[in-house]
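Remarks on the structure that follows.
Chains here go by letter, A, B, C, D and E, matching the order in which they are written, and residues are numbered from 1 within each.
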Amino acid sequence: MLLEVAELSVDLPTSGGVRRIVRSASFALDHGQTLGIVGESGSGKTMTALALMGLLPDGATTSGAILFEGRDLLKLNEAQMRDLRGDRVAMIFQEPMTALNPLHSIGRQIAEPLILHRGLSNAAAHAEAVRLLERVGLPDPVRRARAYPHQLSGGQRQRAMIAMALGCAPRLIIADEPTTALDVTVQAQILDLIADLGAQSDMALILVSHDLAVIAQNCERVLVMYGGMAMESGRTDDVLARPAHPYTKALLQARPRVGARRGERLQAIAGAAPSAGAMPKGCPFAGRCPLTIAACGEALPAPVMLGGDHMARCIRIDAAERAA
Amino acid sequence: MLFIRLEMAGASPAMTMDLNWTPTDEMGLYLFQRFILLLATLAFASIVVFGVLEILPGNAAQVMLGASATPETVAALAHKLGLDQGVIVRYAAWIGGVLRGDFGLSYAYDSPIGPLIAERLAVSAPLALLAMLITTAVALAAGVFAAQRRGKSGDVAVMAASQIGLAVPNFWFAILLVLVFAVHWRLAPSGGFPGWEAGLGRALGALILPALALGLVQAAVLTRVTRSALLDVLNEDFIRTARAKGLSRRATLWRHALPNALTPILTIMGLQFANLIAGAIVVEYVFTLPGLGRLVFQSIANRDLLVVEDCVMLLVAIVIGVNFFVDIACAAIDPRLRRRAA
Amino acid sequence: MHHTLRVIVAASAAMLAFGALAAPKDSVTIGMVLEPPGLDPTAGAAAAIGEITHYNIFEGLTKINSDFTVTPLLAESWSLSPDSKTLTFKLRKDVHFQDGETFTSKDVKFSFERAAAADSTNKEKAFFASIEAIDASDPATVSLKFKQPSFDALYHLGMNTAVIVDPKNVAANATNPVGTGPYKLANWSKGSSITLEKWDGYRDAAKIAIKKATFRIISDPSAGVAALLAGDVDAFPRFQGVDSLAQFQSDPRFQVMVGGTEGKTILSINNKKKPLDDVRVRRAIAYAIDRKAIIDGAMSGLGTPIGSHLTPNDPGYVDLTGEYPHDPAKAKALLKEASVTTPLQLSLILPPPAYARKGGEIIAAQLAEVGIEAKIENVEWAQWLSGVYKEKNFDLTIISHVEPLDIGIYANPDYYFQYDNKDFRDIIAKLNAAPDLETYKKNMADAERKLADDSVNAFLFQLPNPTVADAKLNGLWKDAPIFANDLSAMSWK
Amino acid sequence: MSDDRFFARARRNGGFVLGAILVAALIAAAALSLVWTPYPPAAIDVPHKLLEPSFAHWLGTDSLGHDVVSQLLAGARISILVGIIAVGIGLVFGVALGLVAASVGGVVEDVIMNLCDFTFAFPALLLAIMLTAVLGAGVVNAILAIGVANVPIFAKVTRALGNGVLARDYAMAARAAGKGPVAIALEHVLPNVAPALIVQATIQFAIAILAEAALSYLGLGAQPPQASWGRMLSDAQQFMFLAPRLAVFPGVAIAMAVLGLNLLGDGLRDLLDPRLRARR
Amino acid sequence: MSEQQGGAPLLEIADLVKTYRLPRERLFGPRPQLRAVDGVSFRVTAGRSFGIVGESGSGKSTLARAAIALEWPTSGQARLMGSAMNLAPRAALRKMRAHMQMIFQDPYGSLDPRQTVARIVGEPLACLDGISRADGAARIAEALQAVGLSATDARKYPHEFSGGQRQRVAIARALITRPRLVVADEPVSALDVSIQAQVLNLMTDLQQQFGITYLLISHDLAVVEHICDEIAVMYRGRFVETGPSEILLASPAHPYTRALIDAAPKLQTARRRAPAPASDSPGPKTGCAYASRCAFAQSKCREEAPALRPLVDGRHVACHFPL
């Protein structure tokens, strides 16, 4: 296994007290594999990704374990984490406009990790940056390398971000909503690019998105998060075909579909997601879930294995199956 | 902030990118437009300065001749000085002279104003530079220090000190400095300026207390600006990107955060320069320094109109010029700013 | 043997002195409050011009000394004609201007005629205009024929307005003065300091102890105190920080002298303005004022009270200070008698000197006690000159008239306080025509009494001349009949 | 925002509490001086000048025998007066200009903003010196000068934040509903800009106090017998060596008043709108 | 359902052009112009909701704002029920506004944080004359109830609501004047999936209940199809294809429409590869704007701009070689 996350919890101090943002998340990933983490805003998916990079906000505390290439990342000191970041693990962020330093040329920003981790000279790093830009499909890479972020379009900027992440040939790439800010057509191209490049060099990929469809089309495995908790996980095929958790089911049905009858009522989920400050003791979906019983609100539901590595955290899986 | 819009221009329609840009074009265009605006501002400033000071009460000729002068002699001198001419003629004569480098004649000193101002600048300019140097050094160091330790005791101490700095009037601080360093410990002269011919050491020695009084109080403002600008930048996504590349916090700070924080800091420094010049007038008063600010004050007292006009114009031009260079510097640092020329 | 011993003793003493003072001090730094606008005392009115140039760069025929006596300077001697109208001076023959020109009676004639000319900006133009003829036929003799007998001519000729200038250099004197004195201008750093250097071509160069003198302009009293304490300044004549004198007096490093000047500090009253044109109101003001409190509060107790427009050292002085004792009740009664409705609102315009600013505050408080509300308005000199002196737009103001023997200003009905009195003008005419000193003194006393009786202005005190200096500096003036710093008399102990 | 939450959060904000206490003390001092001072502030008592602090004179007397405590109390009055009027001038004209600039946009906005930038080239104190030189020294002119210097500051704040508000969809929604530009400026822009203006006004108040002190120190502000902290300092400077305490009290008073206002402003900024970041 | 307006369509856009001036690029060069909307015409008839799909920068939001008289067209007209809005006097336009309202994308930015829900919802009403205070309050309560909120919510402030509830408030505001046309600019794209469904359901309910016709702007084909009877696909300021939703989505005629449909992520694991190679460069000055990205482009496409022409099935397409 390249990566094994076990019972990861993240606590974040806020003005209203310490909040548990991620609750006992567990998942694993091998070389070359792709995992999608899907969830709505506030589900804890981004914090999970940042925990893997060791880039949680100041004051955050973690428990559990993150084994990467056999080492527990939570036990590494800052210097050791620094050596990993950008070299063994790389990250692509959501908004390429703000994620790039507006004052540095694209080439300089791509060259930076190469100089840092590979010890390349400035000139060599810059030449490599141009090669990387070419590899991510930017035409005229020499001039693009000289350009500043504001002179590129959104798609081009995201390609530059990918080039930056690829630079040191990391073993794991974490992409946090890499296409949310982009148009649909560009989104498809960027996702293709990430998938292709990952496959070429046997990199593992964690794709974080709010859009189940994006995950479905790009990841072998999926992890559905809600209220800081991993509700369901497993092979994408399994989860899509036989969603076990009421939340996953609701999510699949809530989306309007192309080709569906117009004006058809969508299966809406009532209410709104609980805020981190008002998280119930038990299942975070309790209350919004049509199958809620008193026990749902009392304790964190235990994971239920459903064959293979298909897992769901729900005490009413049986009822859910009946309902479906 | 002169000319610079701190906030992004209002909601602009999404635009397609023209990739045929060339950096020199953008910068050249920006420079040209800023320069035109600089000239227009200077012209407008000269009209305002002349206009305001033309209605000063008092009669320069009377002042020059003293109490016992007869009305005829006063009138004769007024004629000699051109005070009996029309306002527009006098404005044209003044501005024409200034453009040729002829600042006119001081009524009070009965000598050309150009050398007079040059003499004062030899005190004021080093004082301002020294003060700015102190401000910048202290503020950058303290601001970076505080931003790095946000919320910790070091940050709290710096912020508390800067609050006090904001609250203390610079002239009071100057008085306290004289009391402690010049009178009590006798480490520095109490005031006055021996002149540069007395030696670099003595001249700088006379400027150090005034520069401290000016600089430290200003540093309080800039420290807060530096800290908040840096904290703003440290919250930006690209800082996380830099850390995700494996850069240390320190390297992230110096390579990514500080250059980005520099634009607001520089802009505020430009604005502060105006306050520095104003503060210099008061501090020069406390330390009886023969600087430009003091010349303005004395000349207003003497009704030495032309000197006041020249000095105020010079001070305003310096402020405008400094802000012009701040704009240019900001555009040189931040390629996005060049685009905003419109 | 005896002789040898003396030589040895002298040598050892000299060596000791050298040992104590590695380099004997031959320079001095003098503080002054106002910077002169130029350096030609015959063209500008500012007292600061004389403080720097008089006796140092420029010299006149006579010299007014600290003790109010008049002695020869460029003149060796003089004689007065029996009708008291012609003064004849024998001039020194060893005098040169600093540009090498020789000083002769022609220069005297040129200087005085220039001062009397129509375009003259000389402050004492009126005095020079009273000279009917100047005879300079002999280079070593000059005689001045006055239109009327002149008892104070020697005094006037000793003032800085009567210094002898080099005809070749008159135009440049403001910035590059050339005179006959022992010092030349070395440097003027505007707004900061003026430095004079000893001129080696001076006729008595060997007697001049101070080689270099720097006048530092320190307008703020506390900065002056600081400069003295820090040793930045060796002497501060006409020192403004009068409240700090006690501190210097108790410090052995310093010498403190308090002398007098010709300054008559008065509360000027606009005699034309209603109800101030009523003598009862002016008298009420005089009764309302407590000179002692003003002198104590504004001058730290320095300054001699005066009762009219003359200082105690002037010829013909009469002490009239008892005329209007501090009596608020009487003041109120007079106001009532003049049927003035109280509170009476008056403006009180104050120029920058401390005697005016602080004295004004005290006077305002004293006037308030009798029902006069004086609204204080602080102004700069320029505003004072234009608003008060020229436009006569004021009710009350405080000012020190420092010109000696200037009681004649009251004979001018257009003078800013606008005292228009025929009787007084007659007295002044008699005074000017006085055939001898005794008559002069008698007429002077009449004039003083008339002013006090009419309560033209409220007369406060003689402006003191406090000097603070390094205890080792010799030759400073105690009294200051004129504002001058005689550097040639100064030396270090 | 509900009031109880505001006060609950306010109590936890130490700077705000300290600032509020200091400002309350300033106001209390000014109010007290209207009805009572130990001695009349302008009363001259030459025989009792330069007294050390004692039971009769808690902080001693100055060179004319003024009671220092009385003068300090009365001086608070001038400070508050200058602050209120100068900030008022800045608010009224600045906010109006800022709203017009933001609402009208285009050339009008450019002209107003360039004028504001232009005014920044005249340092407030230089402007004040020029104005007082033209109009004469006095509190009224000092207030006017400080007020004029305040106008562009409020104009810029109003315009910058106003543009932000106008770019929000709710301003667009108001237009879609048929609201005119004036109604939108008054109903949407002004209330949303108000918290920032309150914060800015507090800070400008502090700056006005400093400016008045500097002007009075230079003799261009308050005139005797009016008590003013700046004037007290300039008097005290002449007695630095005899009675350094006289130079301490007014300075401390100014510093405390300004500190209080700044802390109050920072606290208000945190409380009213955490998104507003330090502008200084 | 909806009352038929004799003859004139509810909304008619005629040859609308909107240009913006961009900053100068060269010292003395002219200021370049951006044609955000480049000659668009369409009609919305009562009862047939109209959807506009396109990527960011295609001009669809500008078009929406012009349609509701929040932008003044550079040329062309927007007519509501037969009267041209850009020619109408101010007072008349204000009256017309009662018939058209707008819903915005960001439920956090579209509600003034300093106003109560009652004021927010009542704002369009306040702009109309002759509505009494009591009437107004009743109408506000009615509107709130129609969107599933309670009348007591009127006293609350926006920050007391969740994102979905805020969008309900925004919809209530749009409903209060009982408009015939509601322009909705990306009404659900800022909401979480679970909330999206609630809002979309609400919008369809209101459509049926009050006979509202939507002009819906979205980048999401599924959302547009869910609400709209007719769809227009916009690219670089122009319509490239219009037509009834079912037909257009089932068998797109324009390659760009095809690309959009293919690129939309679907809930299935196998995925078609993204079509055309990426190119973000601006289109050529002449010819079809899409030519540089089009997989089927031929030389004619680069030389001659295709006009929007009708196809047999009621669709219009701007392509020389429709699929």
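What we mean here is this: a residue touches a chain if its C-beta (ideal position, glycine included) is under 8 Å from a C-beta of that chain, and two chains touch if they have at least 3 such contacts.
What you are looking at is a predicted structure, and each value in this text was computed from that prediction instead of being measured.
S.K.: Return the chain pair with more inter-chain C-beta contacts, choosing between B-D and C-D.
M.R.: Ranking B-D and C-D by C-beta contacts puts B-D first.
S.K.: Could you work out which chain's C-alpha centre is the most distant one from the centre of chain A?
M.R.: Centre of mass proxy via C-alpha means gives C as farthest from chain A.
S.K.: Distance between chain B and chain C based on Cα centroids, please, to the nearest Å.
M.R.: The computed centroid separation for chain B versus chain C comes out at 42 Å.
S.K.: Averaging only over C-alpha atoms, locate the centres of chain B and chain E and give their separation in whole Å.
M.R.: 52
S.K.: Roughly how far is chain D from chain E, going centre to centre by Cα mean, in whole Å?
M.R.: Taking the mean C-alpha position of each chain, the two centres sit 49 Å apart.
S.K.: Multi-chain contacts only, two chains or more: what residues does chain B have there?
M.R.: 17, 19, 21, 57, 178, 183, 285-286, 300, 339, in rising order.
S.K.: Two-or-more-chain contact residues of chain A, please, as numbers and ranges.
M.R.: In chain A, residues 153 touch at least two other chains, as defined above.
S.K.: Counting only residues that touch at least 2 other chains, which ones in chain D make the list?
M.R.: Chain D, residues with two or more chain partners: 136, 237, 240-241.
S.K.: With touch defined as at the start, can you tell me which chain B residues reach chain C in the complex?
M.R.: Touch list, chain B to chain C: 57-59, 62-70, 73, 76-77, 108-111, 116, 119-120, 123, 178, 182-183, 186, 189-195, 197, 285-291, 294-295, 298, 300-303.
S.K.: In their complex, what parts of chain D are in touch with chain B?
M.R.: Chain D residues touching chain B: 105, 113-114, 117-118, 120-126, 129-131, 133-134, 136, 156, 160, 163-164, 166-167, 206, 210, 213-214, 217-218, 230, 233, 237, 240-241, 244, 247, 250-251, 254-259, 262-263, 277-278, 280.
S.K.: For chain E, which residues count as touching chain A in their complex?
M.R.: 55-56, 162-165, 192-198, 200-201, 204, 207-208, 219-223, 225-229, 245-246, 249-250, 259-271, 273-281
S.K.: For a test of understanding, state which residues of chain D touch chain C in their complex under the given definition.
M.R.: Against chain C, the touching part of chain D is residues 42-44, 46-47, 49-50, 63-65, 136-137, 219, 223-225, 237-242.
S.K.: Considering only the defined contacts, which chain C positions touch chain D in the complex?
M.R.: 220-222, 225-226, 229, 241, 243-244, 246-247, 293, 296-297, 354, 357-358, 360-362, 364-365, 376-379, 383
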